[in-house]
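Chains: A, B, C and D, in written order; residue numbering restarts at 1 for each.
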């Protein structure tokens, strides 16, 4: 019990800090490292709420694939890998706006009750059964979105478009 | 596992969304922008998963949250792929990935 | 029974289309359509009054209804029907269409489009007068707007673009308000369909504050067309810039749409709303009456003068409607008919003065009687009729309107009553400046009216006298189908 | 009633119809006739038919007094629906009513009308626009006869307005003269003020009678003068005395406008810009008498209120003196007679106010003849010498013998010299006011004014006569040589001379006098024919003495070519100026029209153009400025759009979680 609470707080602080750090550091490569840490901390949450498949997915897709993709992007668009990002002013308005949203949403969140304090886990087989039967159409839709996205990405980066 | 309140997760999700929004509003680098969007997206996915976990005892719920989260992770990955393709194209065409300079849709 | 209303709509529609594409021969087509329209109006009158075919004189005995758009939450029907009030205004439409076509017989600039747009305007007005469904009504209401926009914007005077746009924006804002209010009435009251009858039946169930707000929205929507002070400034500009035919239709028919709409869709559907805000209508009506007359006196442009006098007369119409009595309603409809005829005549006079003498400025053109005696006679008839001389068309209407006002409001009648003196003053002064005195500003070779114009005005003069001497010809029909529940 | 001529009564509508037909013929075809005078003869024919029929009907009424009414033409009908003010509906009827009162007016209007038409044929022959003249004059005659035969108050009002507009056209007959056009406008507007007051009075009657009782049906029928076979007097029970008094004052206002009583008298002298024939017919004998006729008809209501009666007496008595004073100094032959008309109308109003309705009508009857005579004679003079300025004339009695005699008879009659017509009626007015003043002491000042006016009347009319006809030759040698008028002009003058002599005495014939006593529907007021008690004789002697004194004064000052001129430093000079300037009333009216009404109107126009429409243009500018600013939001920078999305999200969240819970109406609270 205590352990779980402790884990939650540690993970929560990690997630928030890494996310902020990812957006604030001036070196893009460092950003990638921070964001990878952020993805991993989120995966920790998924394990914490008994959703191990999603944790794995998070590690594989986000912490793995997406991070690598982002790193590629940085490498391709920068002459020097460890180039500094130009400083951009924080400005009071964006911060205030973000804070406003956080406060309003957090306040609203406190009014939402869960059906129970008990967290339910699902076996991977139950999840896959549901995904391929009940929500088969969703996966199909996802595939339909991914295919043109792939084609579009290839089209965008192909040579000779100058 | 018991004891953790749902509200805690939701508050965390709200904080992450705020961080994402903050990034979207302030960063000019396209890659950082993508990262900020991912942060916001992840806060949403976290919400789905958490709701799914806490409402899992109610028939018809729970599994739905996780299923949606799977689909969303897929979508997010796709989005990053397309986004990076745009970054590459932009870099090649304009020599810069500063979004504030990209004001026209067609070059 | 002959579906005469649909038949008429079809005639007008087909006629309009043919007119558009018949180029220089458009005037003959337009004349033919006008004649057919008049014949059909005669049939309508027969159906109402000839014992052998007449139906019982109830509300909308002649209505025809076919389903149009039918979905779960929306029942829109093609419903048309007439009662005594619309019948009289339809007669006005027929007359004004015919005389406008006659007056602009020699129109050389894009005659196909000109006559087509004139017919289209009248088609829209006819549609408004017969439509008994919110959506159908609105469609026709907007149909009127577009040809008038082009009539002003293409054939108008030097500032025509400005005037046309102003006219369009004003009336369009108003009509959208009106549509929203009507739809809200229908949906909030769970009316089974958008038909007039079902709306009139269900609207009384609405909460009183809702009815008041809805009625006020409708009043604004229809009031801009009247026009009411202070939403009147589009009218003088539109009239000054509009071609004569456009002015005739604008003053003769378009202003009447506001009055008709307020009676049919305001007073008959939301009487409770009216009852609670009667004082606002009174205030606006008095303001329009005094304002129209007062400002008219200062005008130097003949057309502007007539335009402001229209505001004065329509103010009396509004007052008569607001009274919510059968006497007031009778007066309002009579006055609308009378004003339609008389203002058409006066706008034709302004047009003829303008193109005969090159100017409408009362300070620079004067003493035209020796040069143009016929035009002078028309001017006198129009002015005298407009200032309410007995034996001419406006008198019975104004008399009844003021009687109804006195009956309901007591001493407030002094406001319109004393304004009659001002009305007389600006018309008499206008006649003194324009017709009498030494001739001035008369170009060489100026001549009296051409035949087409003389014919058009002559018809109106004859009608002015005829209905002035025999007002019962109209009163009889207005009274055939009294609005239920009026004191 | 079954006199030999009563069979004509149902055909009474033909009396106004004959000139109406003449109007249509001349109006439509007048300009196409080969000779323009033919239109004149058509009009004369119409007037002749009207006269023959009218006089026959009047004679029928004399032989067997009674009331004939025909209400068969429904002009305007409103069916009732059981509720409201008129539960059983409401109808305006155009009817004809033949009774003693209308018989008197029929005689006056048709006879003078016919004679003036006849006179016009030669008087007007030099003018252009003859068809217009005859058409308008015929229309006037038709309207006036319609008014006389009107069966109810609303019909009365209708024709009342029509005669007004005919008067407007005929005053402005010489429309190219700015003075004529201006005078026509003035006449129309001033009488319009009266008309509006009259209409207000009618509305009050409507409300008063429509509320209850037998009067309800009476109001709904448009106030017929004879209702359900009984005079409407019998229905009268004023529900609200205050309103009744007010209605009476309003009707008095209408009558004052038409009959040019103070303070609405300013238009009549200016109306002399019209042809002299028009002045004779409309502005002396008939239309201006309509106001008096109206007061006579409604005297039954008005008489109920002491306030109203006093107001009528005051206005009539004061106008008598007021107008006569201005007549004494004017140098325009027609204007002097016009002031005289105003003054004499004042006598009639005075008599009606004093309660002697029939005495007022008696004076109306005689006045119509001698005043028309004066105008026609003046017209013959103007026709002969082509000027209206008295100070240019002189010695015309030698050349215009018939005219000068006619004018003399008219003048003597006006001055109240026995046994001419004016003597009887004016004396009757004076003695009736004297009688009334016995019980109403407030009337005394006006009696005195009226009495003083007798002297002034005789003075001013004989000043005119001496200046025009006496002496050796015209004062202005450039005047064209005068010649006597042709028969069409002298015959009317002769006939009217005869009537000016006899009309007063005619009432002693029982049948004719009966018309003035058998007032059906009206209170049979005493006084006609005049009776002579010792007091009356005494009054007569004094008034005749005053008249003779006036004539003598005029002779001393103006006779035999003398010209009296007031010394420059005389104390009377300011008074003379005041009278010549018409007490500055005209100036004040013009000032009011131009500097007040027109100025206010210009101000309203300014507000309309720059404030109301200016606000509209302000909105136009506001929106165009706003759209220019808003356009900048569309920058093309993705981040900006993202910011808008975020702002939208924030607004939405705040609305959903902060505002909605705070407002009970939205489901929160």
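Operating definition for what follows: contacts are C-beta pairs under 8 Å (C-beta built on N, C-alpha and C of every residue); 3 or more make two chains touch, one makes a residue touch a chain.
From a predicted model like this one, the values you see are computed outputs, not experimental measurements.
S.K.: Give me the chains shared as neighbours by chain A and chain C.
M.R.: D
S.K.: So which chains count as neighbours of both chain C and chain D?
M.R.: Looking at chain D and chain C together, no chain touches each of them.
S.K.: Which of the two pairs, A-D or A-B, is linked by more C-beta contacts?
M.R.: A-B
S.K.: Which chain's centre, taken as the mean of its Cα atoms, is farthest from the centre of chain D?
M.R.: If we average the C-alpha coordinates per chain, A ends up farthest from chain D.
S.K.: Going by C-alpha centres, which chain would you call the most central?
M.R.: That would be chain C.
S.K.: Which whole number of Å gives the spacing of the CA centres of chain A and chain D?
M.R.: Result: the chain centres lie 99 Å from each other.
S.K.: Roughly how far is chain B from chain C, going centre to centre by Cα mean, in whole Å?
M.R.: The separation of the two C-alpha centroids amounts to 62 Å.
S.K.: Could you put a whole-Å number on the gap between the CA centroids of chain A and chain B?
M.R.: Computed from C-alpha means, the inter-chain centre distance equals 6 Å.
S.K.: Between chain B and chain D, tell me the centre distance in angstrom, where each centre is the average of that chain's C-alpha atoms.
M.R.: 93
S.K.: Show the residues in chain A shared as contacts by 2 or more other chains, in ascending order.
M.R.: 94, 97, 101, 105
S.K.: Of all residues in chain C, which are in touch with two or more distinct other chains?
M.R.: None at all.
S.K.: Check each residue of chain D and list the ones that touch at least two other chains.
M.R.: Where chain D meets two or more other chains at a single residue, that happens at 643, 646.
S.K.: According to the definition already given, which pairs of chains are in contact?
M.R.: In this structure, the chains touch in these pairs: A-B, A-D, B-D, C-D.
S.K.: How about chain C: which of its residues touch chain D in the complex?
M.R.: 166, 229-230, 232-233, 291, 294-299, 325-327, 330, 367, 369-370, 384, 389-391, 395-396, 399-400, 402-403, 406-407, 410, 413-414, 417-418, 420-422, 424-425, 428-429, 431-432, 435-439, 470-472, 475-476, 479, 482, 486-487
S.K.: Which bits of chain D are touching chain B when the two form their complex?
M.R.: On the chain D side, the touching residues are 635-639, 642-643, 646.
S.K.: Quick check: in the complex, which residue numbers of chain B touch chain D?
M.R.: Within the complex, chain B contacts chain D at residues 21, 24-25, 28, 33, 99-100, 102-105.
S.K.: Chain A touches which residues of chain D in the complex?
M.R.: Of all residues in chain D, those touching chain A are 643, 646-647, 649-650, 653-654, 656-658.
S.K.: For a test of understanding, state which residues of chain A touch chain B in their complex under the given definition.
M.R.: 1, 4-5, 8, 12, 15-16, 19-20, 22-23, 28, 31, 35, 38-39, 42, 45-46, 48-51, 53-54, 57-58, 61-62, 65-66, 69-70, 72-74, 76-77, 85-86, 88-91, 93-95, 97-99, 101-102, 105-106, 109-110, 112-122, 126-127, 130-131, 134-135, 138-139, 141-142, 145-146, 149-150, 152-154, 156-157, 161-162
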